[in-house]
Amino acid sequence: MQRLIIGVIGAGDASPSGLEKAYQVGRLIALRGAVLVCGGLGGIMEAASRGCFEAGGEVIGILPGDKAASANPFITHPIVTAMGHARNVILVQTAAALIAIEGGYGTLSEIAIARKLDKPLVLLDSWPDIDNTLTTDAPQQAVITIFSLLGRNLQP
Amino acid sequence: MQRLIIGVIGAGDASPSGLEKAYQVGRLIALRGAVLVCGGLGGIMEAASRGCFEAGGEVIGILPGDKAASANPFITHPIVTAMGHARNVILVQTAAALIAIEGGYGTLSEIAIARKLDKPLVLLDSWPDIDNTLTTDAPQQAVITIFSLLGRNLQP
Amino acid sequence: MQRLIIGVIGAGDASPSGLEKAYQVGRLIALRGAVLVCGGLGGIMEAASRGCFEAGGEVIGILPGDKAASANPFITHPIVTAMGHARNVILVQTAAALIAIEGGYGTLSEIAIARKLDKPLVLLDSWPDIDNTLTTDAPQQAVITIFSLLGRNLQP
Amino acid sequence: MQRLIIGVIGAGDASPSGLEKAYQVGRLIALRGAVLVCGGLGGIMEAASRGCFEAGGEVIGILPGDKAASANPFITHPIVTAMGHARNVILVQTAAALIAIEGGYGTLSEIAIARKLDKPLVLLDSWPDIDNTLTTDAPQQAVITIFSLLGRNLQP
């Protein structure tokens, strides 16, 4: 009865192309019936949240601060950690699989934790050269790959 | 666009009466259209989750362990903190208001944080004598009071 | 080779009598060769830190904020959690035993976690009526009791 | 009155060369009068702890588990977080500057947080190609560089 939860990680600062791709990723996650989880703030996080929300999906925001009001307007389920960067770890653990879009050092810390925990992960225009991590520049390809990885993981 | 999130706090060990009241509280929260947040495990947490879920509601479980699979069967949105007792603080911060049902020392720690943060709080057959905290033995009264307190809080 | 670490819990707001007793408790902990751990800020925390430091002891401050500079001037080992109230749980877990001095709701949350974890605990002019928890109004008695409880715990 | 705290980050799995270099780094940190902070477990963490401890230094272990007894034998000040990977963030925040030695994905997450927080950082036989981060293969060079960076940071 648990909903499938897909993580989108990325920074508050992003390129126009990154924001557009994040919106598409969020939209495709909603259309496949999954819940999106992200860091709940602006930039990539907000663009993906908006894409998911406008397609009818739910969006969990794992917030670093101590106020639900700090969430972007498309977060439907704000989780108030008041734990700063440590909330990155909760985000990764909560997601069944993750897509990283562009991103800075905060995103790199999440990519590293995702690899540490062996979570399915796709890098979309993100950090290069993280040993054998799947990479793409196409939002649709990223989402298809993530769901395919989850399908494979769920098989015996 | 954020959903209203109501917290139910209580222990894994509970009396038959406590479990029945937790079920009713969960059900009433769902019927009023709110999301329930709890610690995600058994006892009071599971009874309230079941009441909410069976009435069509959503249930966020703020899990102390590192596996979504540790959640009770009625959790729809598992949050995987891997933070043990520190997850109690996230639970309280995430709830707009809380109902404590019976409970041991873990519950007392949540009641204390709720008072520290000035969250609306009702004690249902729970710890006695917490300075001026509202108490009741009726689930319906607890839920009505919580929503009434939130209504007052939301007014200027 | 681990140092014995004793926790002192209490609020930023305290009575003159509470501050004096906290100073004595800190001093006695240092004289017995233990390290003091506290929340690292003002009031009871600072008075106990000062008592310990001025008697030559070390003081660990488990800080809620993101800057070591937020510690009181007597903290020798600042731990920067940036986790707000969740740092209370780390404090209790790190202490081998604890003394609560006066205190508000934050202190009550720590008392509750200490009881949950079965840590030796003495209440010094603190919350009343926490089931069977030892209470006293004398700093020396509090410290003697804590070390006696630890001695008993360490014996087979 | 705060002690200077230097972080050493690295994995439980390490090469013989890495362990030897970690020991030297720990020793040099102690000889310069600083406290070492690490993750408190085995491998690089234990080798650095041992080097520091045997040279008379103090070693803070930010432990992921819920028992002080899980620390390596050279930890003098165990901090019990029970927060799993989220303790990595506390470690980085607590250190004034950090040296990464070899390391896996957990170490990469700490490197990323250190860069995010603009902490002075030297990579010793560690992850390559982290934008403009200082790298070396010599323990003495790593320690000299870290103290030099701190000196520069402290000057107006």
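For reference, chains read A, B, C and D in written order, and residue numbers begin at 1 within each chain.
The working rule: contacts are C-beta pairs under 8 Å (C-beta built on N, C-alpha and C of every residue); 3 or more make two chains touch, one makes a residue touch a chain.
Note that the structure is a prediction, hence the values are computed from the model and not measured.
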Chain pair with more C-beta contacts, B-D versus B-C: B-C
Counterpart interface for A-B, drawn from A-D, C-D or A-C and sharing over half of its contact pairs: C-D
Inter-chain centre distance, chain B versus chain C - centres from mean C-alpha coordinates, in Å: 30
Centroid spacing, where centroids are CA-atom means, of chain B and chain D in whole angstrom: 40
Junction residues of chain C, two or more chains touched: 66, 82-86, 89-90, 93
Residues of chain C that touch chain A when the two form their complex: 66, 82-86
Chain D-touching residues of chain C, taken from the complex the two chains share: 1-3, 5, 35, 53, 58, 60, 62, 66, 68, 71, 73-83, 89-90, 93-94, 96
Interface residues, chain B side, partner chain C - complex: 83-86, 88-90, 93, 104-106, 108-110, 112-113, 115-117, 129
